[in-house]
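In the two assemblies presented below, subunit A is common to both, partnered first by subunit B and then by subunit C.
This part shows the complex of A and B:
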């Protein structure tokens, strides 16, 4: 295997790494945009170069999304959303370097851990996952994920649940997963009837994220400037100390496990991993009360988990030919364009290419540590750019990013509407991240739920005939019960304090 | 110095002449390019995501047409709504031949049951179909309850409503219509499980969450080659060579003309006649392109005639619309 044998490969590797980071770290566009832009060029590349390029973009892009989350409160991708909760407060405190340092190191650690696991047992793990997890188990897992993560980022439990419910509702717009029947694409409003093929495409989460985070952040900052309350965050260049990393070792390990597990299930992926990683860290941490106020452990939890998941998502793609997300679907296309079918035979027919993927991801993750360290010294200076210059750039890139997603103009409208809605949500203590979580998991969950129902002849009790599904659903209900009890206790405590 | 410059000029002229010859040789059999057409890149809309079957076909055909006819294409994916979200953008583009739409038979069934208003044979001009394929029923290679079609029928009849089949279950889809026809003819009661993402069905079969799968051979080739799946029934009038050991639905006692899966290229109606003719000829030349032929062979598209010209495509579409409408009436859709 000769990954860096020629300067050509080295150049592509470097471009992929930098491109992934830049697109990941630029508010508005993300690695999917970059993937779609470079896809046509891969046709004429050597297969190993094309596959390496996408593997590298994939690793670098997920990490890059953390930077904007921390510096500007704008996650680059949904899986970076929980990184905002503690990363941005750290920036406001002047600890941006620390937050980015933690995000970088943990991204790389999560990524490396999952690559190593992937190298050792891709075939076996994929075979196990596909047999053990049918639609019922996938639905149960999504239910559990929603149950434990629902209150994240909201002022109260109830507002958290309402946010998630709103997301679930938005997820029902568009074609239904069973009959392909379009929903909410025609009707009448105030006596005007409408019909839209665009709405049958559904509401995609990317423009919602751009609206909720990028556009509404611009509104919020502009408002703060207008009323003169905006504090310019200070750029901090300090890197986290070894002791700080040692303190969060269990959180890191837990997040690697969560991320890896979520990643190997096709379609579940990095977003659920990040939210689960964050909520579990909050649950078990000694500094529980500091979460959401700039606790480094929160950044560690979410960034380790989402990067572990992206590595693991390659397992079902390579071993079974099942892409879990948009970028892995593009990679599947690249394999096919070059005449290779991901699947069990790929290890026999194109074994060297599989190792190119592994090696490219390994080196990309390793280099992220170094580049990330450089970035803690450099990108934090972005904070020095006056916001009135930054804002139009963010808005413009967000528009480009929203349109480039599917080349459908509805996505630009959705982004602006979400921007206004997001601004109102923030001011009232609801959780924009919760809406996004509901939207993403709503689509996945509905798809798994409808298949489960068909398989079980529409009997809810069928879930309890399967041990894994039953356990996850019961745990989910337990988590809801506990969080309600906790909410009442918290309220009583606050009352006691007031008295 | 002057001498050298002369030489450079000469070789440049020679190169130009050579490339002119080459392009003449390439466009042999193509009608003359309509004046003023094809000077800027054409847009090819793919109503599905990057990397999928339609996207691969569109890019392969765009490349073949670039080589054969010297046209340049920009492939644009507009996924969503099972291929319907791209339609408004296609309909809004001017009827000048610069916007080509790739679409599959889903557009025809969607028109037949009223999901879309545009008739693919009237409101659009089908330039050509370049992938036409048949369906098969697959089981896990290590399945021990039934190993061939006869055993499957016996098993399914002994357990009515218990056997599960993974399908793309859009109401009125080709899969469901064909399975309905088969079940009627043979008295089968198979439980259809609707999936929304094509690839999920493969995992569901291999992982043992469903019993059988309805699919086209080109899409599961890797699983067939890996010995993970095997076909037990072919929906075709005669056995194709590649699947000589698998019975056809006709042999099993079902007497109907099975619907096919087809992918092709369209422009809006109203595009000037000479441009339509030129694009159709470019597509025909692209289909013969060696690299494209190899692409189709890999997808098992060489087993039956995979090409239709404009008239042939219109016939194919109208025939399919008729079958769908008749079946919908019977099914009460």
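This part shows the complex of A and C:
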């Protein structure tokens, strides 16, 4: 397919790019909403057009979520959550243009790097991933990811871990991964009992995310307005300088590697990639004390890592037929609608379609730089609209987004309860992002753990018989030890200052 | 020695101690409650030795231990430092109007959640938007009406006319008819 010679393809490409960026940047809806809306229309499209559309939506949607994270402290998707930690403080300082500029450029760089890696070695990488990564390694990777990322966004290490624990506990609601037996769908306390069909299906993470980020942010700002302490963000149009990009080159490279590695593994994807990228940037940075206060390196790390995961997520889909997330599952559906089965044979039977995916993602990432630069100059003017006018609109979008997920009003209740909980968590120094990380990885982690236990005949030492799993678990424990030591050191420094 | 330090700190800095103690109690209560509820589905599965309740119970215990560790370290740290909480920084006299406004910020959406399925989304949404604007201290009636109209029109255009999202139309007959009429109006010409 000649993308620039076929006006129909060009139109679909442009619509996908703009749609992905707009849906990604609008609280309450995201790229999955757009994917679900356009999926039925792909039946009548040419297969290459349909695949191209979804590839472009995927790249643009992951980037789009950074805009609201930076401007309003509301991430468009969970993978943009770490972007808030430094992006929003930069906006408060009047450096919104710089933060969006960094997010744009690094999203494109991360995406392009992973597409190039994907083009060069999809088959080989997929083969390695499937051989080296069984349930033990998946569990070990989640353990490692949680160990190094748990304290992100929390006032102290312990509050970070407790936030993750809360997320993991919420993830246990619903059916268990082995026997399919419902958990917490009925309760009994002081002679009172209840039963809920809703809880049998588990709590969906979308209303929780909307609640923790969008609703709690509106509550927090409303309270600041009521108390009279709200800081008004300022619009800034300055783009990051070449020297600033050069200063964070190693962070970018590290985040590309982390994002690509996390993206290859089905189900792990961009969220863990962003958290890992951020936590590692903080660990290795010379300016680690500025993280969380508006350090551009934080924005660079999370946005490079989450976009690097997009290209890598195509590897298990194309080479093994394993979709890693909801949007890649929709892409698998498109292949099947058009009579193709992703897997090793797709390179032989439909090689041209594979290259359409590669090319579409490559061009989408390249164009994100240009469109993102335009956004830097335009979208920051949203900050000139008073937040008190925007807030009810954000709530409306969140309400419709939560309800439309399953046409259940109880999802809207869950969202508002999560909003109130998120507000209280923020006030007490806990991390809403930590809860969401635990919630997203909880089910996957438990499933990997149960399979590992069955495979290892219930011997915990079995993890140490597999080199990758053993290394990840040992690194996870080392990270916990270092974090605790760092916490004590920080307290000692505070005491010394006071003395 | 360490245990003595924990409670010494409590006696010297009562407010902080009770705050930490309250936080610990909340966590222990929550973990205990969740743990007790696991008994309702504590079944053995032939193919999995740890059973259905194993994983949530381990998480409950880990969270409880984490909360205890947090409490101990907070108290040990409080021997030397007295951290100012964000609430303390803004502490002062708060009038009844401010208290009512702050309560309403949380209570008003919950009230709307109770009413919306009965009255219908299309009828109740403008009142919700207008109410939130007033709570966010938009005082000019013209601005409240204009912003409410703009947001409502956008929602109707986007979700009712373009994406055909089926939002609640109310369970009470009169409200149901009104909601259906609004949907019909939003889709004129389709």
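Quick notes on this structure:
Here is the rule we go by: the second predicted complex is superposed on the first by the 489 of 499 C-alpha atoms of A that agree within 3 Å, B and C clash if a C-alpha of one lies under 4 Å from a C-alpha of the other, contacts with A are read in each partner's own complex, and residues count from 1 in each chain.
Here is the rule we use: contacts are C-beta pairs under 8 Å (C-beta built on N, C-alpha and C of every residue); 3 or more make two chains touch, one makes a residue touch a chain.
Remember, predicted model here, so these are calculated numbers, not experimental data.
In the superposition on chain A, A:39 makes contact with subunit B only, not with subunit C. Contact with both subunit B and subunit C is seen for A:450 once the two complexes are overlaid on the shared chain. In the superposition on chain A, contact of A:407 is made with both subunit B and subunit C.
In the superposition on chain A, contact is made by A:495 with subunit C only, not with subunit B.
By the touch criterion defined above, A:198 lies against subunit B but remains apart from subunit C after alignment on the C-alpha atoms of chain A.
In the superposed pair of complexes, A:226 makes contact with subunit C only, with no contact to subunit B. Residue contacts after overlaying the shared chain place A:162 against subunit C, while subunit B stays out of touching range. In the superposed model, A:179 makes contact with both subunit B and subunit C. Under the contact criterion defined above, the residues of subunit A that touch both subunit B in one complex and subunit C in the other are 178-179, 181-182, 407, 450, 454.
Remark: subunit A residues 35-36, 39-40, 43, 130-131, 133-135, 174-175, 177-182, 185, 196-198, 200-202, 204, 266-267, 316, 320-323, 326, 329-334, 336-337, 339, 341-346, 406-408, 447, 450-451, 454-455 touch subunit B in the complex.
Across the complex, subunit B meets subunit A through its residues 49-52, 55-56, 59, 63, 75-82, 84-85, 87-89, 115-116, 164, 169-171, 173, 191-197, 199-200, 202-204, 206-210, 221-223, 225-226, 228, 298. On the side of subunit C, the complex with subunit A involves touching residues 23, 27, 33-34, 36-38, 40-41, 43, 45, 47-50, 52-53, 55-56, 59-60, 62-63, 66-67, 69-70, 73, 77, 80-81, 86-87, 90, 98, 101-102, 105-106, 109-110, 113, 116-117, 121, 125, 128-129, 132-133, 135-138, 143, 147-148, 151, 154-155, 159, 163, 165-168. Interface of subunit A with subunit C (complex): residues 37, 156, 158-159, 161-162, 165-166, 168-169, 172, 176, 178-179, 181-184, 186-189, 215, 219, 222-223, 225-227, 229, 387-389, 391-393, 395-397, 400, 403-404, 407, 409, 412-413, 416, 419-420, 427-428, 446, 449-450, 453-454, 458, 487, 491, 494-495, 498-499.
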